[in-house]
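Shared chain: chain A. Partners: chain B in the first complex, chain C in the second.
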Partner chain A sequence: MTELQAEQAAVVPRIESQSQRSRYRDVLIALVAFAVLAILPMLTGSKALLDFVIRCSAFGLFATSLNLLVGFTGMVSFGHGMFFGLGAYGFGLLMQRTGLPVPVGFVATLVITTLIAAAIGAICVRLKEIYFAFVTLAFQMLIHSTILSWVSLTGGDQGLRGGIPRPAFLGIDLSNHVHLYITSCALLVIGLLLMRQIAQSPFGYTLRMIRDNATRASFIGIDVWRAKLTIFVLAALFASTGGIIMALFVSGAYPEFAYWTISGEGIFINMLGGVTTFLGPMVGTVLLLILNDTVTRLTEYYGIVLGIVILFFAIGLRKGLMDFVVEWYARRRAGTGERG
Partner chain B sequence: MTRTRKPGVSRRATLAMMGAGAVTFATPWVARAQAKTIKVGMPTILSGRVAQLGTSSRNGVMLEIEKVNAAGGLAGRQIEMVIRDSKGQPQEAARVARELVNTDGCEILIDAEASSGAFAVHEVARDLGVLCIHTNSETSALTADPKQHIPNAFRTARQGVHDSIVGGSYAAAIAKAKGLKKWATCSPDYAYGRDTTGEYVTYLKRFAPDTEIISESWPKLFQPDYTEVVTKILQAKPQALYTCLWGGDLTSYIDQANIYALFSQMEVFAVNMADYTALTVVKNLPKGIHSGNRYIKTYPATPENAAWGDAYKAKYNEYPTNWSWENATAIMLLAEASKKANSADGKKIAEVLRGLKIKSPFGADGTVTMRAEDQTLVGYAIGWGTTIPQEPYVPQVQAGDWKTIFELEAEWKKSKGYT
Partner chain C sequence: MLEIRSLSKSFGGVKATDNVTLDFADGSLTAVIGPNGAGKSTFFNLITGALRPDAGQILLNGVDMAGRSPPEIVRYGIGRAFQVASIFPSLTVEETMLAAVCADQRRASVLHRRFPLAETRDRAEHAMELLGLAGKRNRTAATLSHGDQKLLDIALALVLDPKVLLLDEPTAGMGTEERWRMIDKVKELWETQKITVVFIEHDMDIVFKIAPEIVVLCYGRILATGTPDAIRGNEAVIEAYLGTEHHAGVAI
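Let's look at the complex of A and B:
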């Protein structure tokens, strides 16, 4: 064994134990976050706050899953909203037409999403940059048009009407507002935790390598196409889960869920929160929803305010809020170190 | 070391931003004190392509609210309207509606949403049990389909199937008189366009069986250029054309079709023409377009209706729209029902609303009725006439016959499996 190899052999277990520790830390943070969210209904009677968190769960899962593509793999998808819509419609239709139990409907929706995402992804991930963006957008519009024109199944532009039935399971009754809230929080926390694991796993680092230099990755022996397809499908699953939460929240599914504006909103959330940190999109979601809710209360000129905010982030900060905070914090620490 | 000002935001600014964030975070959940006023929430569309739907709905509502408040409000409680923009997104419509009830303490909802948004608000009403009046959705299924039925939701908008029955019978009479056999249709490509056109054609053929459709065009909603549609219709050489384009789409279509002199080559039936939003915007309104009435102040030709139209014009400096009268009617019904129930309680008002008949400037016979069985408005003025290029735009309107409407509507419901 050369010296170098010996050194590496010593380093590997250390890294492993480090990643093990950080995994425990993530799980711990997730548990604490869930506990805080879960006791919220006991502290406040505000239904609006619960509504807010439910919507945050839906959009948060959606935006974070988009960041797996945009931030971690460098695939800017303009069509990610199709999976949000697919989740909402898949789940809504399954519940309305088949009367399956909720968990079965949930899993079945994810299976459907997997199949469709794999088919669409197989075509899209061969392309790069703007071509990838536009082909995903094209598929999104295809799905949106299908929803609009397949009136007998989807109800066309009026959406899925008549409410989504939700038979109680394991003592959980999703027509109860608090139960729906807790379930959404659980899905959010589990979803974020899983995505965090994906991002921190060796596979996650492979994705970063593909983002930084796909050619080098493939020279090392990584099957770039397969890795991209895998993350495309995984991201679709989480977006679909977001769609399911939204369908439960509004008790219906509407073609707007699969429209490009939802994808645009996802991109905007990522810009707002920042794409270099894992929690950036989640922060962006909270920010956008607060902005949305307060501004629409105060004025009907919502577009102007939002435009100004975009300009502020794009030209003023030139990065998302979380990126900014992380850098600011790092600078500050470096600053105190210097002085000390 | 010397510390120079680093680029970025200062500590003070950061603190200020955090403070502002905290305030914005907290305000929505500070429930405002509920005084003696009664809050009525209204989600609608105030931005984007169809913002006029929201603004003219709001105008219609506010015009009536002032009168009701001046007369003492709902059972002694002054009404305070809380009107919010949903941007035409159903999930926003649902959120805004929930927020209006849960946070702002609104006890009644006026749902001035269009299309899918109305169904989203309907689900909120189902969930929260709050009294809800749909004022803009004309989709028949909203009240005709028993699966949609909930005791606390009503509709004061006209209904697609009513329009089709009256339009079909009017067109059939003209078709017989003028020998119009070859028809073309041109309607926007979405549920409203497809359904309305389908129903219209059904009733046209029923009353005039020897008519046939030789050409169909389905331009996209909000399509800017209609050249290909116009030329396609001209090439097919129909004797008559039906269209349910509306608003800006209808006016651009007419402006563009005018270039090809389309209107001198065939009879045109445009159900949404006789609304001031279209009538006053078209550059050269052709003479003789057949249209259903949406809102015009000369039909019904009563002093009450003319006075209402003028009062609206005086206040807002524009004429009312179809949406204006539909929303105004909701407030009129609410006020009357509350008076009868001697209460502002949603449940009690709902009880009285079922089957309530009130005097109305928009009634075919001076009254409108909230039909008890499906909780939707009937007896409103509905008719067809032809246009002239200046006011009053549609001088002669032939009234639709509500007896026929009821018969055919019942038949239609049966065919759809609703009864």
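Let's look at the complex of A and C:
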């Protein structure tokens, strides 16, 4: 064996152990995060705080899934909210009309989302940049209009009324607030873990290549259309899960869940938290919901305050909060290294 | 063997490639030259699937590539580097190489494992060593010098183990010294990798020094093919480059 061969033979187990380590580290962080969230109801009696976390779970999954498109693949979707709405309505309707067990209703909703996302994505991902953005918006408006006009099925502008049945399963009763809270946290943590796995997989790097230079990616043998469609559908599944959590939380589904403003909020959350770090959208979600809850309590001019915050991040920082923090930390470390 | 048969492509009324027939033998090194607008890059775009030919065949070992998509053509073994370095700015050199090998191994869609895959390492390492980029493996592509970006672009094509490597002006935008370093590297790759290399080049010193075979294109047609000596003395080539009023007594 030559020296080079020996060196290469040593490299293979090292890479395998590195990638195993990074996966275990993520699982460990997820478990700790879930444990912290799970003991929260024991530490506080605040129903508002638990509600806040449930909303964070719904919007966090939605915003992080949008970042798989925007930040990782360079596909700015103005219509991602349609899958949030689809999840809420799909799950709500299935539970109201079929009486399925909750897990079956959950899976069936994801199957429906997959089919619709694949059909819409097959058309949209052929388009680039602004055309992609506006065609996704057009599909969102189509779904929103369908919800409004198909009154016999969706309840029209009144939404799905009468509550969503939630028969207990495996000892979990989602009518119980704490059970709903724990389930939402579990879905959030599992969802984030799965999205993290996507981002760190070879497919995640394929997406980065497409974002950077799609033409070049096709000249190294990547089927760009297929990769974009795959991530479009995967992102839709996580957004749909967010919608399901929201439907369970409010025990209904409303046309606003599928309106373009939901997609706008998703984009805003990504701008706020940052798109270059995996947890940026999650941080953005927490910030936006805090802003939302506090500002609306203090003033009726919520839009003005939000506009100022957007301007601060877009013009002042020119990046999201997590992007700023990570860059600042990297600069600081480099500075320390130089001095050392 | 790469065989081009009656290849044609028009844009409106302009014939960018006009009934071109050429053979590139296995392991050959050929320079494609021609004045600006001669159709050199269009010729490469047709071979690599960036453009669909109006007529003709592109046969790689007997299989017609005409009309196939770029990913398909790459899998058949035609790699390409671009005139303006076409890279992935946010990825490091190492990530770029590993991701390219993943794509070649049909593992670009793997979701259940983490990047990088151990089985992709050797080829990526080999390509970085070959192009002298191993020492810059942790640099993001955007921060590399122009010359290194061009090398990375070539490495991206080379790491896919192509049978035919097309280099569109590998020395474009480089200073004199860097230019010669690059062309020495191209020649070294050709000699060590035993692949068919076709390159477009404007610098005649380089062309005549390293290319055993030269193809001259003009207005989409083949003006001449042959050895450097034959091309140097070809009246039609001199006329195409310098115009009729200048060519008496002038050598390219």
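In this text, the second predicted complex is superposed on the first by the 327 of 340 C-alpha atoms of A that agree within 3 Å, B and C clash if a C-alpha of one lies under 4 Å from a C-alpha of the other, contacts with A are read in each partner's own complex, and residues count from 1 in each chain.
Simple rule for what comes next: a residue touches a chain if its C-beta (ideal position, glycine included) is under 8 Å from a C-beta of that chain, and two chains touch if they have at least 3 such contacts.
A quick note: this is a predicted structure, and the numbers were derived from the prediction, not measured.
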After superposition on the shared chain, which partner residues are touched by A:I222: those of chain B (first), chain C (second), both, or neither? second
Once the shared chain is lined up, is A:T73 touching chain B (first), chain C (second), both, or neither of them? neither
Touch check for A:K47: first (chain B), second (chain C), both, or neither? first
Touching partner for A:S184 - first (chain B), second (chain C), both, neither: neither
Just checking: does A:G162 make contact with chain B only, chain C only, both, or neither of them? Give me first, second, both or neither. first
Examine A:T136 and indicate which partner it touches, taking first as chain B and second as chain C; both and neither are also allowed. neither
Applying the touch criterion given at the start, work out whether A:S240 contacts chain B, chain C, both or neither, answering first, second, both or neither. neither
If you look only at chain C, which of its residues touch chain A in the complex? 48, 50, 69-71, 74-75, 80, 82, 86-91, 95-96, 98-100, 102-104, 107-119, 121-122, 125, 156-157, 160
Going by the contact rule at the top, pick out the chain B residues touching chain A in the complex. 1, 3, 6, 8-9, 21, 24-25, 27-29, 31, 46-47, 54, 84-85, 87, 89-92, 94-96, 98-99, 102-103, 115-116, 119-120, 122-123, 126-127, 139, 141, 145, 147-148, 190-192, 194
Looking at the complex, which residues from chain A come into contact with chain B? 44, 46-49, 51-52, 55, 148, 151, 156-159, 161-163, 175, 246, 249-252, 254-257, 261, 290-294, 296-297, 300-303, 324, 328, 331, 335, 338-339
Touching residues of chain A toward chain C in the complex: what are they? 8, 11-13, 15-16, 19-20, 22-23, 197-198, 200-206, 208-209, 211-213, 215-224, 226-227, 230
